[in-house]
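The structure under discussion appears below in the form of structure tokens.
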Amino acid sequence: MKTISLHDAVAIIPDGASLMIGGFMGVGTPEAVIDEILRQKKSHLTVIANDTASPGIGIGKLVTARLLSKVIVSHIGLNPETQQQMMAGDLQVDLVPQGTLVERIRAGGCGLGGILTPTGIGTVVEEGKSKITVNGREYLLEVALRADFALIHAFLADYIGNLAYALTARNFNPLMALATDTVIANADNIVPVGVVAPDHVVTPAPVVDYLIAKA
Amino acid sequence: MKTISLHDAVAIIPDGASLMIGGFMGVGTPEAVIDEILRQKKSHLTVIANDTASPGIGIGKLVTARLLSKVIVSHIGLNPETQQQMMAGDLQVDLVPQGTLVERIRAGGCGLGGILTPTGIGTVVEEGKSKITVNGREYLLEVALRADFALIHAFLADYIGNLAYALTARNFNPLMALATDTVIANADNIVPVGVVAPDHVVTPAPVVDYLIAKA
Amino acid sequence: MDAQTIIAKRIARELRDGMLVNLGIGIPTLVANFVPDGIHVFFQSENGLIGTGPIPEQGMALPWLTDAGGRPVTALPGASTFDSAMSFALIRGGHLDLTVLGGLQVDRRGLLANWMIPGKMVPGMGGAMDLVTGAKRVVVAMQHTAKGKSKIVDALSLPLTSTRPVDLVVTELAAIAFQDGRATLMEIADGVSVEEVLAATEADLFVPDNVPRMALEPRTEP
Amino acid sequence: MDAQTIIAKRIARELRDGMLVNLGIGIPTLVANFVPDGIHVFFQSENGLIGTGPIPEQGMALPWLTDAGGRPVTALPGASTFDSAMSFALIRGGHLDLTVLGGLQVDRRGLLANWMIPGKMVPGMGGAMDLVTGAKRVVVAMQHTAKGKSKIVDALSLPLTSTRPVDLVVTELAAIAFQDGRATLMEIADGVSVEEVLAATEADLFVPDNVPRMALEPRTEP
């Protein structure tokens, strides 16, 4: 794990990269990292996240600035700009049921090839996918999802990279922290090693590649 | 959730039931529940657990008392009695790689039909199972596992059934607490509601059916 | 009483002590205002919270304690928070006793469409497909008609949410149960006749000899 | 120096700063005693711990802080604990930099057998299949021979652990690397000749022109 400046962390990300970004309607999204991506004008990004938040919030800012070519999300209902860019053909939007999205990300992080879920059977979601029957019930095979970078927001980090999250800002963050080649974490608080009880660490230090230093 | 005496909790379990029992080499196994199963002489049980511990410890006591007809575990190396009963044909032992066992239990608790794992491909573990290729890599389809009862050991419970675990006594417990029809929890400490921080609850109260009262 | 309040009060009568319940955005959220005294219900927000409490008082909100719509909420004593994998483990794994969702259309067998209007409105399914597929009981809270057209239709014209039929639809006019592939008129609202409900409903309804009034007062049994 | 110490000291030279490492039961456990000064290695116990520390002092053990063999350990500052699903997510998901395991046999291509002797000893695979399949680097720590017979064989006679070959085998006689399906004699222990290693090895070994001595002193580079 390396401690790194906000500028240098974002500078690592090339145009065209795929990013998993934590957060649920912007809650638990590393907002400072989003702002720095805007400042450095990264482009043609693919974003995997629960949703595109709202205009002016979190991933919504990236949509408005037209830095994204594709999003894989469960919900865009509270961001009319995402819908407009999708309808206009400017932004590819892959909609995935939320529980399936989270399991696909988890599978990517756990070395699993995929999972069998009953969700989506008989709906448009099943198009192009294998169906497998287990104990008389039909399931969709949903394959693992990985990305180049994970942008993680934590409430607490220690100086070797252990992370803990606060309340509903946890959401997709700990799952994404396992599912990408490079993990960049931004924490509200960085504390000395040993201060977070082992039972309260949610993301173990060794999976974090970069921890953004406090400015 | 009902608070229940140790005697009454175990009395619910019929002979022939399937039990998921938390613990890793006995650490995190609800020892008092094991002792009460012995006292009530439940028989023909199927046990799903990481291992059969050692003679005189945890699940090892059930093996020695010959109360089990089948175990689904990853490891029996530290319990010679399990090996002897297996060789003699008195106990059916299904050996499952540990990471596969935990994912099969997790799938059972999460409503998934199964998962695709690379573990076991090309070994005796693959016998009788489907192989599925995803992105050029071959995986085994391993199906979900459920049981009638989960016997859970926690460090902390509150009076509505929220559970938290201590250090390496967590292991399989929180996964098993989702994967059975009836969840019986025994905690070292039962504390007032509101005393455990929401971020530190590992097993949410609504999944616990019975909490064993302190004697 | 307005339509939303009628619907929410009726659905609150479905709550039982100890239930784990997920309320969708819109009318379903209102159900939390009518939990009967003396019972304890666990409300789950799919963004990772059990024990969702009321909207915080002025000045006491926390930006990272929110409901699934991103609005600040409170947490009741005994609340728990967790990641999205656990949240959907609870939903898909059969641990959720009741989900209350909005609907665009429900067909005569109880099949629900509630996540998109092709070419017009594509919010995405969010957690809806998992909720309908996985919850033990599914209740739809919606107005009976939209722009004069019945939302309880013979066949869906909008994309399906799940092959699992809903159990109950509650509108401002009626409560309709779906069992064995058939829609049954269970209750009619005060001041509404069976004929009015039938006229407002496109799907065939089975009408028992005696259709009671929809009760809205809190249940007193546990 | 006894065989176990030779093997453990040599494998400790594989450790690098910041690595996440899993040590199996037996000889592999000893590797933790020889971590070079100045580097920080995260030791994982697959029962749910990163930051495993030494055996506790007398009277300071806790029965629920143990290694994968159930023996009390300590936790270093910065340790974390988690459930078995997370533990194997780390192992199977490619997050583990190095795993050190015992072996019964390794074949000429590096395929490992280490979990059962049919009809004789069936401990079960525990975490071994996941560890060998998922870790970035797999090192086997074992004696070169058992009862006079080579454990580095032409073809396995015991059940396979994984189709993924191991990277390195370290014995008291030699270090042998497996790459591109071929076994290469990398290093020979002090006082041992190439001929002695070849005589004790059933599998064909590629022998480079110059085979250096196995270094056992701690690495000084980070």
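Just a few scattered comments:
As written, the chains take the letters A, B, C and D, and residue 1 is the first residue of each chain.
Operating definition for what follows: contacts are C-beta pairs under 8 Å (C-beta built on N, C-alpha and C of every residue); 3 or more make two chains touch, one makes a residue touch a chain.
Model, not experiment: these values are computed from the prediction.
Shared contact partners of subunit B and subunit D, listed by label: A.
Under the touch definition stated at the top, subunit B and subunit C share these contacting partners: A. Judged by contacting C-beta pairs, the busier of the interfaces A-D and A-C is A-C. Distance between Cα centroids is largest for the pairing of subunit C with D. Averaged C-alpha coordinates put the centre of subunit A at 32 Å from the centre of subunit B. Each chain gets one centre point, the mean of its Cα atoms, and the points for subunit C and subunit D are 55 Å apart. Averaging Cα coordinates per chain places subunit A and subunit D 35 Å apart. Taking each chain's centre as the mean of its C-alpha atoms, subunit A lies 29 Å from subunit C. The residues of subunit C that reach two or more other chains are 49, 75, 81-82, 85, 88, 91-92, 133-134, listed in rising order. Counting partner chains per residue, subunit B shows two or more touched chains at residues 103, 106, 110-112, 117-118, 165-167, 170, 198-199.
By the contact rule set out at the top, the touching chain pairs are A-B, A-C, A-D, B-C, B-D.
Within the complex, the subunit D residues that touch subunit A are 18-20, 40, 42, 49-51, 75, 77-82, 85-86, 88-95, 97, 133-134.
Considering their complex, residues 1, 106, 109-112, 158, 160, 162, 178, 193-194, 198-199, 201, 204-207 of subunit B touch subunit C. Residue ranges of subunit A in contact with subunit B, taken from their complex: 103, 107, 110-118, 130, 132, 134-135, 137, 139, 141, 143-144, 164-167, 170, 198-200. Listed in rising order, the residues of subunit A touching subunit C in the complex are 24-28, 50-51, 53-54, 73-78, 83, 86-87, 93, 95, 97-100, 102-103, 106, 117-125, 155, 165-175, 202. On the side of subunit D, the complex with subunit B involves touching residues 45-49, 62-66, 68-70, 75, 81-85, 87-88, 91-92, 121-130, 133-134, 159-163.
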